Structures are given as structure tokens and as C-alpha cells.
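Two complexes are shown next, each including subunit A; its partner changes from subunit B in the first to subunit C in the second.
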Partner chain A sequence: MSTLPPELAQSFAVAMGELGFCSTAWLYVRVVAQAGGDELVTVLREQLGRTFPVLDAVAADWLSGQRAPSVDAGAVFSACHGLERLLVVGLEADFLDALLPLLDGVEVALLSYSMVDVDWERVSANYAGRVQLVDLAAAQEWAGSRSGLLTFVYGHNGHLSHVRPSWLRFIGDDIRTQFRSILGWNVLRAPLYVYPRWLVETPLSDFSEVL
Partner chain B sequence: MPQRPPFSVSALSIESLLETSSIESLLTPWVSNVEDRQFIARCLLRSGPAHHRGANFVLLSLLGEVLQRLPEPMPQVRVATPIEPCVPIPLRLPPHLAEHTSDRYFPLQMSLGPLQKLAGGDEHAVAVMVDCLTDGPAQHALANAVMVNVLARILDALTPSRS
Partner chain C sequence: MSRAQLVLCTVLLGALVLQAARPQFRLLIVTFAAGLSCLLSTLLATGTTSQLLSEVPWDVLIILVGLGLLSELLVTSRLFGLLALWSTEASRANPRRLLVYFAIGMYLVSGLVNNLTALLLVLPVLLILLKLMGVGQRFVSWLLGTLLIACNLGGAATPIGDFPAILLLGRGKMTFGSYLSHALPPTLIALLLLILAVVLLVRPTHGMTPSSLAEQLSVRVMRQLYRNVRLDWHLAIPSLSWLLLMLIAWLLVPLKTGITPDLICWVGVGLALLWRASLGEKLLRTRVDFEAALFLLGLFVMVGAVRRTGLFALLANRLTALPLPPLSQLLLFLVIAGVTTGLFSAGPSMAALLEVAEVLARRFPPHAVYVGLALSVCAGSSFLLTAATSGPLLQTLTERAGLRDRSGNPIRFGFFEFLPIGLLGFAVIESVAIGYALWATY
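Up next, the complex of A and B:
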């Protein structure tokens, strides 16, 4: 059976900080599939799946015949109706890229806080001024009755979901009543199969809407 | 002697009692936007300690029942006019962020009519009442405001007192 270079894990870890777990996983799965088809995607899943559970889920998606992430930006756009400002916690480049063109007139900020190493200036440069960076201390300045919070959900079972730890660092009982909408955007088609390393559990009831 | 459990009703039982849609419906005359109603209802029934959520649900539901039984039906959208003074309910933000912009208030206004009647023209007393009713956690301040609004409607519908 083929193997993949061990350095792949290191490069994946760098990329996932700046593109997001799911967006990076789709990028790697596509490239690996181009190089060696489903067989090599299976190898990728075997080698890195337990270390990167979102990659495991995306590889499983690929092997079941899916060829792209499920990105329903229209549903998120609808949930943002009436909002003037949106604070995003966590990063998923494929998903934000699809959403941002729809949010004409809505100010968008990204919480520059992550448990994973991120070069925030480089991330910011990808959005050419469309997205402001906000640190944890200033994030509450985005609160308001026309403000929304959005984070990415990595699968759920109808009760519990997996989110980035940064979400739990920010969300609290006080914050929940300071934003009109608290949106969870599910970026996976199924719950995670392996231990959710890098992620934490939170009840779906944390969100005013899960999309 | 065996200890009796201090709380015989679980938080889950309280949670199962809460029915958001009826409270959203109750809010309609004062909050015209559906997303705003969902926001207010979430603060009333999904934030704070479980017993407060349950108490909000019970009291607001009962007041909604009273509204239903009034001789004149409640108009579906009630717009504040100059003769019906209202105050906004501020979001519970840290003091340094509590700016006076429209976005820093909940999308619900509290009617001042009943408080003005209660205060008998004493504007300072009205201000004190407003402070008491709108201060504190969101689930309290918003429940207070909705209750005052409903009571205003009930008082309007009742025969004026003889005094």
C-alpha cells in the first residue's frame, strides 16, 4: 500500500490555522485524490485521520462520492437578515468566501483568537479589507441588537455539536443576550467519526440557529 | 433521618415546560420584526437560571391569557406615538461599551403610561421605577418591560378607577 510523506501532517497543521479545518481538509483530499485516486485518499485518512478528525470526516465524504463541501451560504445569508454587523469566531475560508459576497452592507469582523497558530495579518490580507480583525478584548464592541455571531460547527448529533475552543472562550451567558443572532454553520455532512481532537463539545441550544 | 433532595424539579423538567412560540406571539404588538421577537424570546426563556426562565414563561403566558380575555382584541402591531411615551431597554453591556446608540438597546420599548399613573406626576419617581425595571440581567429587564406593556393594555381596557 502507498504511503504519504510524514511532513504532510506538519503542512496540514499550518494550513488549517489559516484556511480552517474543513477547507484545508477538502484542499488536501482533492490534491491527494488527483495524485492517487480513492486509494490514496484512503491512505490519507488512515495516516492523518485520527490526528485531524475533520480531515477524517472529509475523506470519508470523498470516499462516499462527495466531491465538494456542502456550502449553503444562502441559508446563512437568510439567517443574517436585518443584521448590520457580523462577528465570526473561527475560520473556514471556503465558507466565508461564499458568504461574504452575499453580505453586502453588513460589516464583518473575525475574532483573531485561536488555539491553533495563525498568522492573522496573512489571513486578513486574504479579505482585502472586507473583514476586520477583532481581538478578544474588543470583541464585545461588536455587540448590538443588529449584530450577529457566527461560528462553524463540525457536525452534531441533534443535541451536541463540535466547535473550536475559541468559541467557548468567547461565548457566555452575558454574550448570548448581547447579540441578536447566534449562528452555528455546520460545515460537515455527518458527525465526526474519530475523537474530536482540536475541538470541543457544546450543546446545540447555545445557538439561536444552526444552519 | 434521610435527607430530602433540595430540588424535586429538574432543570430538564423546567426546560420542557418552556414554549417559545407562544411568547414570541405575545410580543407581536410591541415587536414587529420576527427576528427581533425571536431574540427577545430567547433572552426571556433561554438565558439565566432555569427557575427564572420558567417563571418568565408562566407569568407571561398568564398575562397573555388575560389579554385574550379583554373585551377589545389587542391590535397586532402597536406603534408608539408621542402620547404613548416609552423607554428603550439597554443591552446588558460592560459600562465602557454601553453607548447610547440605537443598536445598544433591545428591540423592545417599555410603556411609561402605567408608571406615570402610579407616580401621580412625579417624574423623578417615574425615573426611579424605570431604573428598577430595566436594570439587571436581560431576562429580568425584558420580562419586566413586557409585563408593564401588557399591564398598560389591561389598565387601558378596564374602567377608570374612581379616585
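Up next, the complex of A and C:
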């Protein structure tokens, strides 16, 4: 069986900071599949899946025949109806890129806090002034009766879901009452199979809606 | 040596050694030593503080600050990030091609902006790419070392690229066009020789197993990281146009009109900033490189204090009195310039050696002396990692990036990792400097 170059783990860790776990995983799976088909995707899953659980889940989806992430931005757009401001916690490039054009008239901010390295200026440049960066201290200024909070959920089992640690850093009982909607956008089709490294658990009851 | 010469020279050399040994206190050491020089000059009756301050080449500081602000406008337009992405795509993340593309890119960028800015613009993108590629210690050392030297060469190629050349322009030793036409070819030759030596003789990619998958992924990730980043044409075009107009004015406006290079820079940058007034005001308030300006101000004061004692004139006389043919004296001077710059860094060496160069320039074609000196200072800056301020910056940025090799071992870039590249760079550039001086005098 073929093997993959060892530098892929470091490379994935770099990309996931700015593109997001799921978006990076889809990029890697596509390129690896292009180079060596399903056989090499299986190798990718075996070599890096335990280190990067979202990559494991995406590779499994690929091997079961799925060829693209399920980005249902329309459902999230509907859930944002009536909102004037949306604060996004966490980053998934493919998903945010699809959602933003739909949110015409809604001010969008991104919490510039991450446990992994991110060049926030570059992230912001990708959204050409459409997304404002806010730090933890200023994030609460985005609360209000017409404000929403959105994060990316990495699979759930009906009770518990996995999210980025930045979500737990921000959310709390006081925060929940300050936003009209607290949305979780599930970017994976199934719960994670391997140990959820890089992620933390949170109850689904945290969210007013999971999409 | 008189008492004043001994005391003020000791202050200058002491400050230079201390700032090299304790770079974390560099600014404090130099500014304090400058104050001390003023005090001692007054007490020893060689000059007053107002005399020393009036002799500071303010024009050099104006050009340095002005061009720094213009670079900031170009940074805000995202021009350099996109150029780095283009280099990544063109090299297809192949290590050898990457070294060649980025070395040439660094040379071009640092010809327009100062070396520190050039590194700050290009390095973040490159470090991300190196992380994505998963390269080894040997390759990283040679790649970053070559880039640092390319950066120094780019700075010496144009009269606005780095402090030594700006000083020549500001002091009126050479005109803009004359410096450019004489310095550009030898720096380009030195760059090509360096790249050839590294790629063909040193072969830093030797032993690396190329992985087309890793290279492909690196390029794809880089494209994604910049997927919607667009050049701000409304900022880039006017900024580049003002720069072009300034270049034309530097080339065409004669010095006898009184419209000096610093005045052209002052007005040109002012207009460029006024074009986007709110951004211009913000850059002026927050992005002026006070550290570099203050450091150079301190150096100029100390060097001025020593000059007033007559020590540089004495050294120049000693050099010209050596029992050597005149050409050998010039070559000896160039070698001394290279070595002293390696030890004391470019700013102080250039400021001090220019006094001696003026004497030599009366006996040889001025461009042979001044361009030879600029090249030797460039060779010295490339000798040791500590010889130029861009070296420690490169070291810090690399350490902060936390690069690791394929086995997960941390990759370092410090004094000893740079030393072999520094020696090669010094040998190549100093040889070109000597070759240029010989060619120009015949």
C-alpha cells in the first residue's frame, strides 16, 4: 500500500487554522484522491485521521461516495431572518464563503480568537470589508435583540455536539440571554468516530437551532 | 591621537560593540551614547550640541521615513502578499525553484523599500509555505540566508533601497541616475553568482525527496488562503504612480535647482498620503519607523562628534600615505569596509567610512569609490547574522513561526546556521566590489 509524505500532518495543521477543519479536510481529500484515488484516501485516513478527527470524518464521507461538503447555506440564511447583526465564532471558509452573499443587509463580525495560529488580517482581506473582526473584549457589543450568534458544529449525537474551544471561551449563561438566536451549523453528516482532538463538547441545548 | 579623538572614538566604538552584543538594548545604548558624545564634545571644546545636530544629515532621515510610509501604502494595497502568492504559484512550491523565485523577488522588493520592510512583507507568506512544504534544516538555513543576502543586494542596487545608498544620495556624493546605472549591474551580477553557487555547488535541496503531492497541496492551500484577496487598485495605482513620478524627478531634476532628493521624497510621499487622507493620517500617526530614525540619529551624532575631532581625516591621510600603489589602497579600503561592516553593521560603518571615501574619491573616479564602498558595506552586512538589523528580525520571525522538519524536530535559524551562507555571500559580494572597483578605475 502507498504511503503519504510525512509533512502532510504539519501542512494540515497550518491550513486548518485559517480555512477551518472541515474546509481543509475536503481540500486535502480531493487533492489526495486526485493523486491516488480511494486507495490513497484510505491511507490518508489511517495516517492522519486520529490526529485530525474532522479529516477522518470527511475521508469516511468521501469513501462512502460523497464528493463535496454539504453546505446548506439557505437553511442558515432562513434562520437568520430578521437579524441585523451576526457574530460568527469559529471559521470554516467554504461555509462562510457560501453564506455571506446571502446575508445582504446583515452586519457580520468574526471573533478573532483561536487556539491555532491564524493570520486574521489575511482572513479579513478574503472578505473584502464584508466581515469585521472583533476580539473577546468587544464581542459582547454585538449582542442585541436583533443579533445572532453562529458557530460551526462538528457532528452531534442528538444530545452532545463538538465545537471549537473558542465557542466555550465565549458562550455562557449571560451571553445566551443577550442574543436573539444562537445557531449551530453542523458541517459534518455524522458524529465523529475518533477522539475529538482540537474540539470540545457542548450540549445541543446551547443552541436555539442546529442546522 | 589627541585626547578628544581618543575619548569620542572610544564612546563611538564602545556603543557599537555594546549594541551588537546586547541588541535588546540597542536603541537605548545608541541614544544614550549620542547624548554622551554631545556632552564630551562640549567639555572637550570640539563642538557644541547645536553644531552636532545641525550636521546631522536630516535629508537621509526624511528619505528613510518617507519611503517607509510609501511602503506602508503599498502594503495596505496587498500588493506584496499577492506577489508572494504569485511566486509560490510560479515556483509550484518546488524547493529549488522557490529559492530562485523568492531570492529574485526579495532583491526586487528591497530595491524599492528598506530591508526590514521587505522582509516583513515577504517572510510571513514564505514561512507559511515552508510549513506547508515540510522542509529540512539545511534547506531552510540556505533559503533564508540567501534571501537575506538578496535583500541586502537589492538594498544596495538602488539609491533608495537601503541606508548606505540613501546616505550617498542625500550627501550629494552621487546623483540618483548615476548611482542606479553604476550599482544595479554589479549587484545583479552578485545576485546571479550567489544563486548559481547555492543552487549548483551547495545544492541545499540535495537529499530531499520531492513529493509532487506535497507540492501540489502547498500551492492549493496557498491559493485558498488568498482565495478572495484582491489588490486594492484604488490605492496601489496612485501609490505606484507617485513613486514613479518621484523616480522620474530624482532622475531628471538637477541638484543645482535646489530641489534635492529629500525634498522630492517629502513632497511626493505627502501627496501620496493626501490621496487617501484618512489612511495617510493613520499611517503617519502609527507607522512611522521611529526606531530606525532614532537609531540613525544617534549614530550620526556620534560619528559627527568624532569627525569634528579630525580623526577621519587623519585615518584617510594615513591610508593614502601607506607605501602601496593607489589602487591597492582603494582595494584595502574596500576590504576594511567589508570587515568593519560585518563587525559594526552597515549604518555606523557607512557613516564613518564615507569620510575616508571622500578623500579617495579625489584620486579615483568617484563612482568607483562610492559604489565599491556601497558594495563592500553590502558584503559586510551579509557576513554575520548580526551585521544588519534585518538579520535578527529574520531570526525572530523564523523562531516565532515554529518551523519543524519532517521528523518533528524544531528548525533553527541563528548565528551559526547563517555563518556558512554569510561567508559565501561575503566572498561573492566583496569579490564583485573589488572587481567593480578595478573595472571602474581602468
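The rule is simple: the second predicted complex is superposed on the first by the 211 of 211 C-alpha atoms of A that agree within 3 Å, B and C clash if a C-alpha of one lies under 4 Å from a C-alpha of the other, contacts with A are read in each partner's own complex, and residues count from 1 in each chain.
Going forward, contacts are C-beta pairs under 8 Å (C-beta built on N, C-alpha and C of every residue); 3 or more make two chains touch, one makes a residue touch a chain.
All of these numbers come straight from a predicted model, not from anything done at the bench.
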Quiz prompt | Three-chain arrangement built on subunit A, subunit B and subunit C clash or fit | solution = fit
Quiz item: After superposition on the shared chain, which partner residues are touched by A:67: those of subunit B (first), subunit C (second), both, or neither?
Solution: neither
Exercise. Check the residue A:197 against both partner chains and state whether it touches subunit B (first), subunit C (second), both, or neither.
Key: neither
Self-check item: Partner, of subunit C and subunit B, that touches more residues belonging to subunit A
Solution: C
Quiz item: Can A:208 be said to touch subunit B (first), subunit C (second), both, or neither?
Solution: first
Quiz item: Does subunit B (first) or subunit C (second) touch A:81, or do both, or does neither?
Solution: first
Quiz item: First (subunit B), second (subunit C), both or neither: which does A:4 touch?
Solution: second
Self-check item: subunit C, subunit A and subunit B - angle at the middle CA centre, rounded to the nearest 10 degrees
Solution: 120
Exercise. Could you look at A:178 and tell me whether it touches subunit B, subunit C, both or neither (first, second, both, neither)?
Key: first
Quiz item: In the superposed arrangement, which partner chain does A:141 touch: subunit B (first), subunit C (second), both, or neither?
Solution: first
Practice problem: Compute the least Cα distance separating subunit B from subunit C in the superposition and give it as a whole number of Å. | Solution: 26
Quiz prompt | Touching residues (chain side subunit A, partner subunit B) in the complex | solution = 81-82, 84, 140-141, 143-147, 173-174, 176-178, 180-181, 205, 208
Quiz item: Residues of subunit C touching subunit A in their complex?
Solution: 78, 81, 124, 128, 131-135, 209, 211-214, 216-218, 220-221, 224-230, 404, 406-407
Self-check item: Footprint of subunit A on subunit B - complex, ascending
Solution: 33, 35-36, 38-39, 42-43, 46-48, 91-94, 97, 101-107, 137-139
Quiz item: Where on subunit A is subunit C touching in the complex?
Solution: 4-8, 10-11, 14-15, 18-19, 23-24, 27-28, 31-32, 35-36, 93, 97, 119, 122, 125-128
